[in-house]
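The structures come next, written out as structure tokens.
Common to both upcoming complexes is chain A, partnered first by chain B, then by chain C.
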Partner chain A sequence: MMIGLRKSRLWEIALLGGALLFALFYLAPFLTIVLTSFKPAAEVIASPPRLLPSHFSIENYLHMASALNIGRSMWNSLVVTFGSTAIAMALGSMAGYAVARSHSPVVRSFFLLALLARVVPPVTLAIPILGMIRWAGLIDTQIGLILVHAALNLPFVIWMSSGFFQDIPADLEEAAIVDGCNRFTAFTRIILPVATPGLAATAIFAAMLSWNEYLFALLLTNVEAKTAPVAVSELLNVYSSEWGAMTAAGTLFTIPVLILAIIIQRRIVEGMAMGAVKG
Partner chain B sequence: MTYPILMHHLHNGSVQSGQPRRDSHVRSRMRSMLQDRNFVAIAMSCPALVYLALFLLFPLILVIYNSFYHYDLIDPGSRQFDGLDNYVRAIGSHRFWMAVGNSLLFTAVVVCVEFVLGFAVALFIDRLKRGREIVRTILLLPLMIAPIIAAVAWRYIYSSEFGILNWALYQIGLIDSPSALPWLSSPAFALPAAMIVDIWLTTPFIVLILLAGLQALPKSLSDAAKIDGTSLVREIFLIKLPLLRPVIAVALVMRLIDAARTFDAIWILTGGGPRFSSEVLSTQIYRTLARYADVGFSSAIAVLFTVGLMILALCVYLILRPSDAGGRA
Partner chain C sequence: MASIKLANISKSLGRNDILRGIDLDIGSGEFIVFVGPSGCGKSTLLRLIAGLDEITSGELLIDGVLANGMSPSDRRVAMVFQSYALYPHMTVRENMSFSLKNARMDKREIEKRVQEAARSLDLAGHLDRLPKQLSGGQRQRVAIGRAIVREPGLFLFDEPLSNLDAALRVQTRIEIARLHKSLKTTMIYVTHDQVEAMTLADRIVVLNAGRIEQVGSPLDLYNRPANLFVAGFIGSPQMNFISLSTTGPGASREMVLGIRPEHLSISRDEQYLASFAGKIEFIENLGEQVLIYVNIGQDRPLVAKVSPDEDFALGQHVALKMEHGRAHYFDGESGMRLEREAGHG
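The block that comes next holds the complex of A and B.
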């Protein structure tokens, strides 16, 4: 009896140890960037490498902000993220509500569109969209990228929000209609407020996807509207990569993502499955 | 669903029983339209439909259309009908088949490793009594980080001068010198190095999906297995695996699609090189478009890629999907 008990406890400790080791392996690349970003510039490319900075330094951050002007691309990223999320949420939540409540063939065509968006490689869409954005004269503008990111996120927003709308009993809007709302005002006044938590999670998701998006940003922006992922990737160079600045920018860039990720932890897998556009 | 129809009639009735004034006719009609479930639903979907038609359907038609033309991005006046020439060029090109091979290899290896690893880790976490939440949270991080930032981190780790990985391998004695394993600069290692990053980046997706599946299985099942004296291995392979099959089928097909579409990580890590050894279809299409401005040729490859991926995903799904004849318990 005693032995059995002790054995199971040992087993449990071993399992937990294994899990922590695995988790540490998962954290290692993050720790590498964060720790490296606080090294003095010379230590970043020291050989043999140091695990920890010899002393805490913000040299890399200063270099990144002043010489390489990453701040501006961070601002572009922020504007594009907010703009595209606003458009995707406005159009997507209305369509998501329609998907949740109606079986009309027009509404059902969203199934096909969402499926297409889930399967078609972004790079396939990139070719004609580059031509379209050039034609519209929106190359290297925030608006051009906002329009495209909104489109990339729209199928996802429709899908995820329709799930939340389905969870709201239809009786609620029928009651609102009896009380004098029409179907549209029932949506804006009654359903939207109830769905707010779910829609907020959807918006966070859309924002993260736009913030992290690289392929279209790379194709559609180059100087004025360049986003942070593009700016960071430009620091990679065969001959002399700006490793210090890159780790600093990478750290700063990732902090907001991690905060948002913790807020929506429980929904992340669901969201990924529904077709987060990842390149 | 008689409810909406009933509501509709009720409202029409109430409108008609009101005072019949002529100028309110349009208004009441308008009001009854706003009560109609399908009318409102269609009206509310219109903006999104138009938007998706413009940015999803139209580009898809355009890419097919462009694939029949010779068309230089810089000089739109150069557009010239080419028939199937771009396709013939693609199919006859060694580089294209190399990219197809790399894409297939990358996708197959990555999805298989991720499934085996992900299933093992999910079983493992499922048995944890404590610390499950912490491990779960840590696993979420790679799913959220921008693939390009992850790739930058890994590129730094892979470096043969100041990378931590080779120095660690050197210290353990697995390699003779830190530069003995040129991860990203040798044709033999570039693709495997990219695979490792993708496995790191997306195994948590499989883990978390399968974990959710495992935790949804009735607990009585493993209790019964315990009473019957079924071994752990038999319990996993004969009971849990078949029951999870619907979840596995969906998760693997999604991973397959996403792995085949990967662009960011490979582009940052190797740029498809050295000497095209890690060139996959996404990077080839991007290069043909951005470097050579060859819209027609890149469109043709993109069409082949997209159609191929759709067929592959459908086939794999049909194979993995549990048959209706008693796959479900």
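The block that comes next holds the complex of A and C.
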């Protein structure tokens, strides 16, 4: 009895230690960036590297602020992420619902086509998309990038949300229709609220994709609508590599995602564990 | 209190004919029960009447008005689903008032109706709970409450009691019967359960493979089944069937004799004026009665339902006697009922 108890306690400690080690392994690069960003500029590329700053300094942040308009590009990133996610979610959830409920082979094949669009490497899409955006006169505008990110995200949103909709019994919307709804109001008033946890999880993934997207942001913007990933990368150029400023920008860049993740973390977990929507 | 008329209704999905040529008149205030084996189209027929599925051909009239293209809410039907289909994100009160809000009813009237329904269904203390905070029986009552508050012309129930345990099922069955008595609204009720069908129905509709086999009062179906299918489907345990061939004045004829287990009596005395004799093969004790399986040389034993006071043992030789006037005769080929005169051969 005693031995059994002690053994299980030991086992628990070992498990916890293992989990911590694992988490540290994943967090290490991020922690390095954050710690480095607070080192004095001279220490950033010191060799051998040291883990902790010798003293706390915001030198890197000041330098970054003078080297690039971080406020502007962060704002652009926020607007583009928010706008493209909103569009992708609005259209994608409706399409996902249609896919989840339809038996039509046409809808099914549309769905597969949409997924195929996601499989094509983005680089191959770059030239035609650049052409279209230029033709529309939307180069270097937030709108242009919003539309492109929304389009890139749409297949993913359709695919992921249709899975959540499939888990909701069709009885629910039929009950709503008998209760005086039409197909659309049954969707907005019954199905959407029930699917919220799943859709929140979907929205997080879509937002992160847009927030981190680099290739199209680089191609389609240069001054006005430049997003943070592009701005940060400009610190690295043929003349100099501003490592210190980059760590500072990188740290700042992470903050909004971190806040978002903390706010919606519970919802994501709920979303992952959905299926339990039985009334 | 709607009256319903189904005229030659068919439903096909792709190449599958799910319902064929359904004709049925339902009077205002009637309690109609659909029974039939799994997959025979009961739910489909109910959904056609509700307006959830489209009718492929034929006409549906509600109160004499063609309703084929009407939306479910215009048909003034309320439906109770097998899964209850309560809106999980809404409280009991919101669930019950949802349809009334959709109809833009006055707030005070909504509250009044909800309170009334909640009181009659013993839900008054639970109005602010979510469905997941209720027991199965309470959810079931919310589903019924959601239908009642609308004061519909027609109630549709699709196996509403199948998720409840036996005791609760009996209790809710009685509640539904009482509800029908007090509201006098037309009701259509789908069930697998013979007892529900027999106790609730004014008339039972027996469906099989997308067709109506017979429509009649519970006693009609029990006493005068129109064919072998209905004879075998209504009554538990199943009616015994014995193949006969008679040689009449003309040609010989294949017939099937049907006799219900409760209409067979057993005697150990083989001299007894018996219809059949055989050996007891199996005994099933159900408590209030005992089923005796007697091998009379056919592929299936005859089943007799007797009182537990009678004492029989496996292997015993017994004689079976049919209660007078309780035998049914069916044509061997078509399976249709033959009138009794034809049977006296």
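Worth pointing out:
By our rule, the second predicted complex is superposed on the first by the 221 of 279 C-alpha atoms of A that agree within 3 Å, B and C clash if a C-alpha of one lies under 4 Å from a C-alpha of the other, contacts with A are read in each partner's own complex, and residues count from 1 in each chain.
To be clear about the criterion, contacts are C-beta pairs under 8 Å (C-beta built on N, C-alpha and C of every residue); 3 or more make two chains touch, one makes a residue touch a chain.
In this text, all values refer to a predicted model and were calculated from it rather than measured experimentally.
Comparing chain B with chain C, the partner in contact with more residues of chain A is B. Of the two partner chains placed by superposition, only chain B is touched by A:118; chain C is not. Residue contacts after overlaying the shared chain place A:193 against chain C, while chain B stays out of touching range.
In the overlay built on the shared chain, the residue A:177 is in contact with chain B and with chain C. Judged by the touch definition given at the top, the superposed model places A:262 against chain B, while chain C stays out of reach. Contacts of A:244 after superposition on the shared chain: neither chain B nor chain C is touched. In the superposition on chain A, A:144 makes contact with neither chain B nor chain C. Of the two partner chains placed by superposition, A:83 touches none, neither chain B nor chain C. Where the contact sets of chain A with chain B and with chain C meet, they give residues 174, 177, 182, 278-279. The part of chain B that touches chain A in the complex is made up of residues 3, 7, 11, 31, 34-38, 40-45, 47-49, 51-52, 54-60, 62-63, 66, 73, 121, 124-125, 127-131, 134-150, 152-157, 161-164, 167, 178, 200, 204-205, 208-209, 212, 250-251, 254, 257-258, 260-264, 267-268, 281-282, 285-286, 289-290, 295, 298-299, 302-303, 305-306, 309-310, 313.
Residue ranges of chain A in contact with chain C, taken from their complex: 169, 171-172, 174-182, 190, 193-194, 277-279. By the touch criterion stated above, chain A contacts chain B in their complex at residues 12, 15-16, 18-20, 22-23, 26-30, 32-33, 36, 44-49, 51, 90-92, 94-95, 97-99, 101-102, 104, 106-107, 109-110, 113, 116-132, 134, 147-148, 150-151, 154-155, 158, 170, 174, 177, 182-184, 187, 208, 211-212, 214-215, 218-219, 229, 232-233, 236, 243, 246-247, 250, 253-254, 257-258, 260-262, 265, 268-269, 272-273, 278-279.
Chain C meets chain A in the complex at residues 50-52, 71-73, 77-79, 81, 83-89, 98-99, 102-103, 131-132, 139, 146, 150.
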